[in-house]
Each structure stands twice: as structure tokens, then as C-alpha cells.
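Report on one structure; see the data block that follows.
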Amino acid sequence: MTAPMTVTDTPTGPVNPGSWQYRQLNSRAPGLSYLSDALSALVADGHPVMAGTADLQYSNGLARFAARHPDRFVQFGISEQNMVSAAAGIATTGVMPFVATFASFLGLLCCEQIRMDIAYSALPVRLIGHHAGIALGFYGTSHHATEDLAIMRSIAGLTVVNPADGPQLAAAIKASADHPEPIYFRIGRGQEPNVYEDLPDFQFGKAIEHETGSDLTVIACGTMVHPCLEAVRALRASGLSVGLIDMHTIKPLDRDAVLAAAERSRVILTVEEHNILGGLGGAVAEVMAEAGTKALLIRHGIRDEYSLIAPPTHLYRHYQLDAAGIETVVRDILA
Amino acid sequence: MPTTATAAPAPDPMGAERTLMPAPLTPETIAHLEERARHVRLETIRLIAIAKVGHYSSTFSCAELFATLYYDAMRLRHGEPRWPDRDRFLMGKGHAAVGLYPLLADWGFFPKELLDGYTRLGNPLGDHPDMTKVPGVDFSSGSIGHALSAGLGMVMGGRMMNRRFDVYVMLGDGEMQEGQVWEAAMAAAHQKAGNLIAIVDRNGYQLDGQVDEVMGIEPLAGKWRAFGWEVHEVDGHDVAALATLFRRLKQDRTREKPACIIARTLKGKGVGYMEREAGWHLGYLAPEDEAAAIAEIMGQPASPAIPREAAAQGDAR
Amino acid sequence: MTAPMTVTDTPTGPVNPGSWQYRQLNSRAPGLSYLSDALSALVADGHPVMAGTADLQYSNGLARFAARHPDRFVQFGISEQNMVSAAAGIATTGVMPFVATFASFLGLLCCEQIRMDIAYSALPVRLIGHHAGIALGFYGTSHHATEDLAIMRSIAGLTVVNPADGPQLAAAIKASADHPEPIYFRIGRGQEPNVYEDLPDFQFGKAIEHETGSDLTVIACGTMVHPCLEAVRALRASGLSVGLIDMHTIKPLDRDAVLAAAERSRVILTVEEHNILGGLGGAVAEVMAEAGTKALLIRHGIRDEYSLIAPPTHLYRHYQLDAAGIETVVRDILA
Amino acid sequence: MPTTATAAPAPDPMGAERTLMPAPLTPETIAHLEERARHVRLETIRLIAIAKVGHYSSTFSCAELFATLYYDAMRLRHGEPRWPDRDRFLMGKGHAAVGLYPLLADWGFFPKELLDGYTRLGNPLGDHPDMTKVPGVDFSSGSIGHALSAGLGMVMGGRMMNRRFDVYVMLGDGEMQEGQVWEAAMAAAHQKAGNLIAIVDRNGYQLDGQVDEVMGIEPLAGKWRAFGWEVHEVDGHDVAALATLFRRLKQDRTREKPACIIARTLKGKGVGYMEREAGWHLGYLAPEDEAAAIAEIMGQPASPAIPREAAAQGDAR
């Protein structure tokens, strides 16, 4: 038996500061702290919170929560479906479980457990799908989640939230303490620049209007809010009347915000790190088509294909999902 | 809460929970449990007659398990389906719920009249148990394979809330083929979930035929042991053996390993041809055949039913 | 050991013809034969077909195929995910596997395996999700599938087909022999009245126009085509100008058919045995909102809720998904 | 097809498949396999330097497995990645693919130049192997737990097509926690998939730490046996032991049971601190540290790297 006898957490190897290993991810992705800190805040407020993950505590930063509240942390190993059904069982005892794993495994691999054991059973479980979209770059399709919004949205009784950044996630988690429905939180990789200051206002189902415009309104969610904000600023600076809505809650969708924007602007452009089918674009399309709005819808995102692999920033550039790309898309539309 | 009379004495009339120090297993208790198992079978037949299709044989194989759990092993409070310290019961084989409902009604968890509307529009009682609709159902099921995970979650939640209750999870033998069961089994052992008790209804059959032919699961005890469980094998139709085992497990508060009971049963137990015909997993008995089945369950010699015109087409569709 | 020693397939018990057991399902649901017979026809034509199921060979009628071609049939037991990934492995060897189970387990429980191993891997697996929608009546939510179209539609590279009846399923299976993409077939419970004669024309992605009308066009799929046809006949008989399209292929959607109908009619009414979010209604909404059609969309189906339980025909009546209910819905719209 | 020179002799220059009657395991073969394992480690370091993040330690633990499989055990044809009778190789632990790519290039399945663009936009080589993009990859992976099912499917398809090949599936020890693995294990035994060979890289660690602490999987051999498999335990860094075992399994054409090899390995094998630090599942080595690691792998005494300014921020993001 050749298994190592002593293994340590303390770096003994590389001394070059450019080198790093997995356990140092938290410091490399500052956005990762918001999840753990928001949960700790709930604990401090006396909420019966429990957190769990499936062998990804450094990727989602829950290692931080686990260190603080070892009695409230459960490690499920690589068995996501067991984790989700167990979270449902946990919730029946009056505990409010938060379980986190990559969005591809949570939203797709556990889709049926989420529907049956959580959404249908109406248990107040909070699901955290992180590294959603194409944030895992060259890890490839297995680690991409460009279907999860469509999938989670099709499930009745589930609230679906896609915060733009860490502060908004923290605010949503805080607000979730009184939210009766189970929630799917879709988040990024913790390296997104912040859009909001600490603990902004958050109301489930109430979109945030950043700018209004008559030429076009961008409706964005999640990681796309920041680049959209940059793009919209540039477009407005060049004289175009372009609005921006942060549609953090995909379900229930803020119909009023959509209809008001469609009343005001000639074009609605949805921007999401997701397939343009069935997700934010799909949800907005349903509202617009049923209301018979005059505005035209254009959906921007992953065009019903599998992403190439590359470092994430390269992919965002390639798919025009960075500020420059989004700006180009808008200019092309308005040209 | 209406309490229509039944043959059985109402459980725990004082509404007190069961004591942890069990009374000796008297012949009266045994007779009572056997009567309750018969009650499960008879109610199953009665309710499926309303639905016009159902899982007779899956329910018959676990009638003694239901009876022993609900009238001897489990710590429950009459009329208090949400008592936080109650023992929990989950069914991986949710399709046997038709046999559970009469017991829940008996415990005063919901009015017995609801049984009469089994599967009808607006009624909460369906082929699978639904915790959002039926008081006393601790967890919904229907998708085979989730229950052990959910039961483990209850153990973990109970731990955090400082409550001590036992969690019983009844699984089908076909269910052993679902991978999630083994995820949960591994996790339960890892978590030292000593108050988690899995019961495998080893009736030898699943939907498409004999389990060993469809997808062999033996050595079953070996699998559970290799996954870190304590394993007990028992005749699943012997209420005395079952009650003794459940009592023993309940009294053992030092156990760290979760316990798996492999209950050897007959699918369709009680109705001869169901025990012998693989197809009876799902079906319907027209009134004459139903009467003969009831007679057989009541211990009367089964008189072969006389061929008759088809009963009016059922309303199961 | 009390296990039975001899168990037989031959009924020895009930003699009353009203009694029946599971193995007699095929004769009680005549629509079940189409699947097996269509696969046998492929075998006869020399295609390397293999069929598999997960302990549901009587429910989907594959018992019939298994009896004829035991060497081409695989029984997976109750392990749907293993079945789907194994089907992908089978397909890599040049075999064309058809695997069938309840739509709730195929489309939801196996969602991630379908995306990764089949759709992304572009392997010619055919997935048959049967008893879709609320066809399993009082078996309840676990056995209902009112999300599968939305879920399967979000997966790139997957063709999604919802045949109206057995003959159309058979025609689609026949056509699938030359179809390069993996396919998700969503079918009913084999008790639907036939809409079509034997082996009608079938082209993936080409909708079938039954009637044209200027007041309203119904776009229906799957089990809903038959009641819609009845309803439309009654509506037309009473002088209303109502069209009907059988949108058997949900993906790729026949955009031209949608746009032509939206050009022609004031209202488009989608009818599906599915959540009105994300499925047929969602797909049509995306086309209409992006094209900026003048027609108004109305979606009929399960309204983002979990169905009650009851025998299926009772549910169809309750949810206005039978001919009378659909007729009422249309009349109310046009009133 | 360009064939840039490597230190290793090109395999099977005649393009012929391996013979089933193995040559004796000579010291030269052993030395060759060891050299190939070193090659895997060195290439892993080289490629991760391009990606700026990667799974060093997961790949180091199975370097000898890769080498023995691809240069001794498997029946392949040079330059013919789609030869229908080839042996198949699947990875449940797809995140070690960085160590596989150099071998596939060596077999002439794709131009070696592709390696230089590892993980760059437009290049087919990513952290996980992708059959739609990379010739020689028999199945895509990345979602842990699917591979054994897919491998079983290949066995079944091969049977129907009357082809006889062996299917090797390399699994992580953390992967044992995924239920689908046990579904596939049960099914493979039921199907008597004697030509299916699972290899568990028992390196003792998964992402969040020690497997036994995260979610214990022992007794692992007991689990596989209880699921109907023949189990072999072996030192996963001993190429002679590995080659002998693989040859023995290949020659045994009467086996009905699928075979599971539990390969005891060190996660990070070859670089001392990676063997000792749990965090190295994922990471990046700046150039100086990289040079020290290479030296250590080449058997040179590891000279402690001198602290330096941070290397330019990588381009992994």
C-alpha cells in the first residue's frame, strides 16, 4: 500500500508567488466569499441554515463557511443527486439547506430530484448552481451550463434567480430567509467585477432598471449585467438612447418591467450567458408575444450550440458576450 | 375528526407516543398485527376497485411490514401527523401507498372518508404518496431511488435540530438497481446514521419479471455490508419476527451503522395466483375475482370464480 | 427463503374478462404496438437497430419487439441513467439504439446524460419518452412530464419530436433511419385515437397544416392534435375561421409555418400537454417575438403548476385539454 | 501527418495492431514503459504551462496506467483512431486527459502540433477529452460517473456487431461515490461483460481532500466483488506488475465476470510536495517551480526553488 502517510494543507512546495493550488482559489476569486459570508450572516440572525456541497467546497468557497460552522456543513462527496434529495429531507425537519455545486451538475444532473423532492414538495431548499454558463472555459461542455435556466424555469414552484454579482447574491440570500418557495440561484465563478455596492436592495421578481432608452432596451441577467452596463454607457455616450434592465429573477419574471420597456423602446435585446432558447430570452419572448407588443425582440447569448473551449475571457470575446461585443451587437442592430 | 369504526382497536387512545420500553410481544399483539396486515390487503382491494387499476401484489408483499411498523415499531402520536419527534417512514416503492393510507387514517392523520375517493379528481390519495397533500405522509415518492437519500437528510436535519427519531425507509428489490440508492447507502454509513433503517421488500419481482433475470442484485446482503451497513435478514410475513427485530433495533441506541433489513417476501402474498403470476405487478380485479381474492385473504377456501361477462369497462382511464 | 418456486406468465387466476394484469396492457392500449412494429420494420430493412428499456417493457410495448428480436433487446432494469449512457456507448459501435422509458424519467432524470453523452456527442441514439404529459393521471407528479419539451429543447443538437399518434410515430421512426442527429421522441400512452392513416408522410421539422383560418390558428403537438382537430371541426362548422397545424417537430421548429399562420390569423393558440412555459408555446413565442408578428399568441396547456391527480380523461377534461375544453377556450378567445 | 520526433520509439512502425500473444516482459519493455510514464508527466507539465491551470496530480497518479495501457496492453493501429476492432479506452476521470493527449499524438491519431495549442481557442484539446473533437478519444467525459456505463454500452454494441475488443475504463476513487457507477457495475456483471475492465486510480484523494474523509468508499474491493466483479489489486506505479496483469486479463478469453483493477497510487506521484499536499488537485506552477518539478521527475535532486517575483499573471481566465 503506497498511500501517503501525511498530507498537509500547508504549502511546502512551490515558493514562487505565481504558483498556486486549489485551496488558494478563494483568494484568487474574491467573489467566492459572498456565498459563505451571506450564509454566516443568516446564521448570526438565528436562521437554521445548513450548507452542503458535492466535493467542490473550494470552487464555491463554502470551505470558508465550513471552517466557521463545521456543525452546519455537510460534505456529500461526488454524489450530487443524493445531495439534492437529502437536502429535501433535511428541509422537512425545519432546517433551511443551501446546497451548491457546478450549475451543470445541479441544474442538469439533478433536474428530476429538484422537481420532485424540492419544487413539487415545496420545501425551502436553496440550490446554488455556480460557474454557470461557459465560465468553466476549457473544461468543456460537461462543465458548461447553458441550459439550466430553461430547465429550472420549466419547473413549477421554483424561484429562479441569476444575480449579477456577489453583493446581489448576498442580498438575495438575505431576502431568501423569508421566501416561501425553493430557489435556484445561478451564479458565476466569483471573478466577475461587482455591479453593486454591498447588500443592494433586493426583491424577488422585481427587476432593476439601470437606464431607460427609446432605441433599444437591453435586458440582461447574471454575469452579463456588468458588460452590458459598460456597453450601454458607451452607447449612450455616443448619443444612442439605450436602456438597461437587470432581470435578476428569471422566474417569476417581472412582466411589467418587460412590457414597460417594450412600450418605450423599439427593440428589446436580451443578453444571457445561456442558450438563447428557453432561458431569459425565451421568458421575455413569451411575455412579448402574448402581450402583442410592438417592439421587436432580439436574443443574444449562446446560439443553440455548444461553446468552443478556451479560457473564459477568450470565449466571452469570441461569442460577443463582453462589453465590446455587446456594444457591437447593439450598434449592428441600430445601424 | 371522524373516526369510523374498524375491526382494530384504535391505536394509543390517549394520544401518547409509544414507549421505548416495549411490552412483551404477546400472542394478542401478534394476532393484532396479523389482523392489521389482513386489513391492509382488504383495504388495498377495496381502494383499487375504486381506481380500477393498481399495485395489488406490491402492497401484499409488504402488508406485514406496514402493520408491524405502524402498530408496533414506530413512535407516533395519534392525530398529530406533524409531531416533530415522530419516527419517519418513507417509501422508495411508493406504488404500495394504497396499503399505507388506511393506516394513516387509522392514526387519525386524516378522515377515513378520504379513502373512499382514492385517485378521484380532487382527492389527495393517489397511487403514490404525496406529502404536500396527505397528512402523515413523511415524504413524497414515485420516482424510485430517492427515498433513502431523503431519509438520510431527515437524520441529518434531526441531528442539527437536536431531535432523536428513527427513520424507516422501505425499498423495493428492483429499486436496488437505482444508483442513487447506493449513493445514499454510502453516505449514510459515512455519516454514521445509526437511526436510519432501510427495509428491502425482497419479493423477487419487479415490473418486467423476476429481479434476478431483469437485473440481478445478489449477493444483496453482501452489497449492503460492503457499503457499511449492518444487515438483518428476516421472513417479511412473520409479524413476530419483524416486531422482535424492529424492537431490538429501536432499543439499541449505541449502533453507529445504519441497519438494513432484507425482508424475504412473496409478491402478491395472500392471493395464490398473484404469488405465482409475474404479471400481477399492476392490474385490476373485476368484482367476482375481487370477491374470491377477499375470501382467500380471509382464509376461506378459494372457490374458483365462474367465468362471466366482462365487468363494465373501468374508469381508470 | 419464501421466494416462489414457479411463477408463470399464463394467467391462472382471474377468469372474469373484466380482470386484467400488466402483461395484457398491449392489447388494452393498441397504440403501444406501433413502436415495436416500427422498430421491427427497421430491422427488416437491414438497419442495425437495438432496443432497450428500464423495467417498462409492457408499458411501452417493447415486450413485443423483445419477443421477436431477443438478441436486439436489452433490459436495463430500474437504472435509467445507465441505460442512456450505455446507449451512447452502443451507438459508438455503429448500432442505432432506441431506448424507452417514461418521459418523466427519460427527459428529467436522464437530462444530463442526454446532453453530454448523446446530444453533445452527436450520437444517433433515439430516446422514446412515453406516457408524457399528465397521461399517468393518478400516478402523480413523479410520473407526469410537463417539463420535458422545455428541457429537451434547451439541449443543442437534439431533434425533438412529439408525434400525434402511433402511425405518425411509426413514420417518424422510419424517417429517423436517415436522420443524422439524436432524437427525443415524446409519445403518449398508446390509447390516443389515431389522427393519421398508416405511415403518413413525415418530414422532420416540417409541420402539417390541417386547416387554415383567419380568426385563429391552433398550433398543437402530440396527444393534443386529435382533440384540437375535433374542436377545430366543430368551430369551423359553426362558421369560425380557425386553422390547425400539427407541429410534430418541436425542434427544429418550423418557423415558416408559424410565421405564415401568424400572417394569416389574428391569434395563434398553442395547445400542448406540457407546461405553457418553455415548450411548444415557448418555442412559438420566440419565433413570433423575434419576427414581430402582428398576431397575438395565447398558450394553452398546464399553467406552470402541478396537475391534480385523477384518471387521465378526467384530468384532460379538468384542464380543458379535451376537444370540448379546447373548443371552449377558442370560443372564449374569439368572443 | 506530421510526426515530430520524440524521445520514445514510435509504436508499431508497421502500423500493425498488437499481437494477442505477448512478447515476454523484457527489461527493455519495462524501461520503455517507465520512460513513457515520465513522458506523460513531462508533457503534463508542459501543457498545463500553456493552459495556466490544470490537474497535475490527478494525471501523475495514472501516468504508469496510461503508459502500460497505450504501449503494452491495448490493441490499436497506428494512425487509425477509428479502427473498428481497436480496444477502447474511456476515462471517468476525464480531468487527467492532459496526460492522454501526448500518447494519442504518439499513435499518430492527430498531429503533435495540436498539443502546443492545448486549451486555446479553436484547439480541440481541453481539460476533458472530447470524442467529437479529438481523434483517438473513444468517449467524451468530464461529468464524473458516466464512463463505465458508456464502456458497457460499447461491449454490448460490439457484441451485436460481432466484434471482439476489450474496453478499459479508468475511474477515480472519488468517482466511486457516483451512483451511476454502481448501476453500470451491476449491469456489467449481469451482462457478463467479461471484456470490460475497470481501473480505479486509488490515489486516496479527491477535490476536497482525502477520500476517506470526504465520503469513505472502503471496503472498495468488497464493493466490486459484491457487485459481481473479479477484483485485482496492484501497485499502480509498478509498470511490470501492471503490464503482467493486463496481459493476463487479455489472454483470459473465458472470463465471464468483468474485471476491476484497484491500482494503488499516489496522487501527485513524482513531485514530492504534490504527493504530500492535498490542494494540488488543481493548480499552476510558475516557471521556476515548473523547472524544479521537471528536475524531480527526471530523477535529479530537487533543488528548492528560490523565491522570486510572481510570474506574469497566467492566461487561464
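Order of writing sets the chain letters: A, B, C and D. Residues in each chain are counted from 1.
Convention: contacts are C-beta pairs under 8 Å (C-beta built on N, C-alpha and C of every residue); 3 or more make two chains touch, one makes a residue touch a chain.
The shown structure was predicted, so the numbers you read here are calculated from the model rather than taken from an experiment.
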*Looking at C-alpha means, what's the farthest chain from subunit D?*
B
*asked:* I'd like to verify one number: the distance from the centre of subunit A to the centre of subunit B, where each centre is the average of its C-alpha atoms, in whole angstrom.
replied: 41
*asked:* Can you compute the centre-to-centre distance for subunit B and subunit C, using the mean CA position of each chain? Integer Å is fine.
replied: 34
*Send over the residues of subunit D in touch with two or more other chains.*
140, 142-143, 177-180, 183, 186-187, 190, 215
*Which subunit C residues touch at least two other chains?*
76-77, 79, 81-82, 104-105, 109, 112, 116, 120, 141-142
_Chain contact topology (line, ring, star, complete or other)_ = complete
*Residues of subunit A defined as touching subunit D within the complex*: 1-4, 6-25, 53, 55-59, 63, 75-79, 81-82, 104-105, 109, 137-143, 191, 308-315, 318
*Can you name the residues of subunit B that touch subunit C in the complex?*
51-52, 94-95, 119-123, 126-128, 130, 140-145, 174-175, 177-179, 202, 204-208, 210, 214-215, 235-237, 264-267, 271-289, 304-317
*How about subunit D: which of its residues touch subunit B in the complex?*
176-183, 186-187, 189-190, 215-217, 219, 222-223, 225-228
*For subunit C, which residues are in contact with subunit A within the complex?*
104-105, 108-109, 111-112, 115-116, 120, 141-142, 146-147, 150-151, 153-157, 275-279, 281-286, 288-290, 292-299, 304-306
*Can you name the residues of subunit B that touch subunit A in the complex?*
84, 131-132, 138-140, 142-143, 146, 149-158, 160-161, 163, 180, 183-184, 186-187, 190
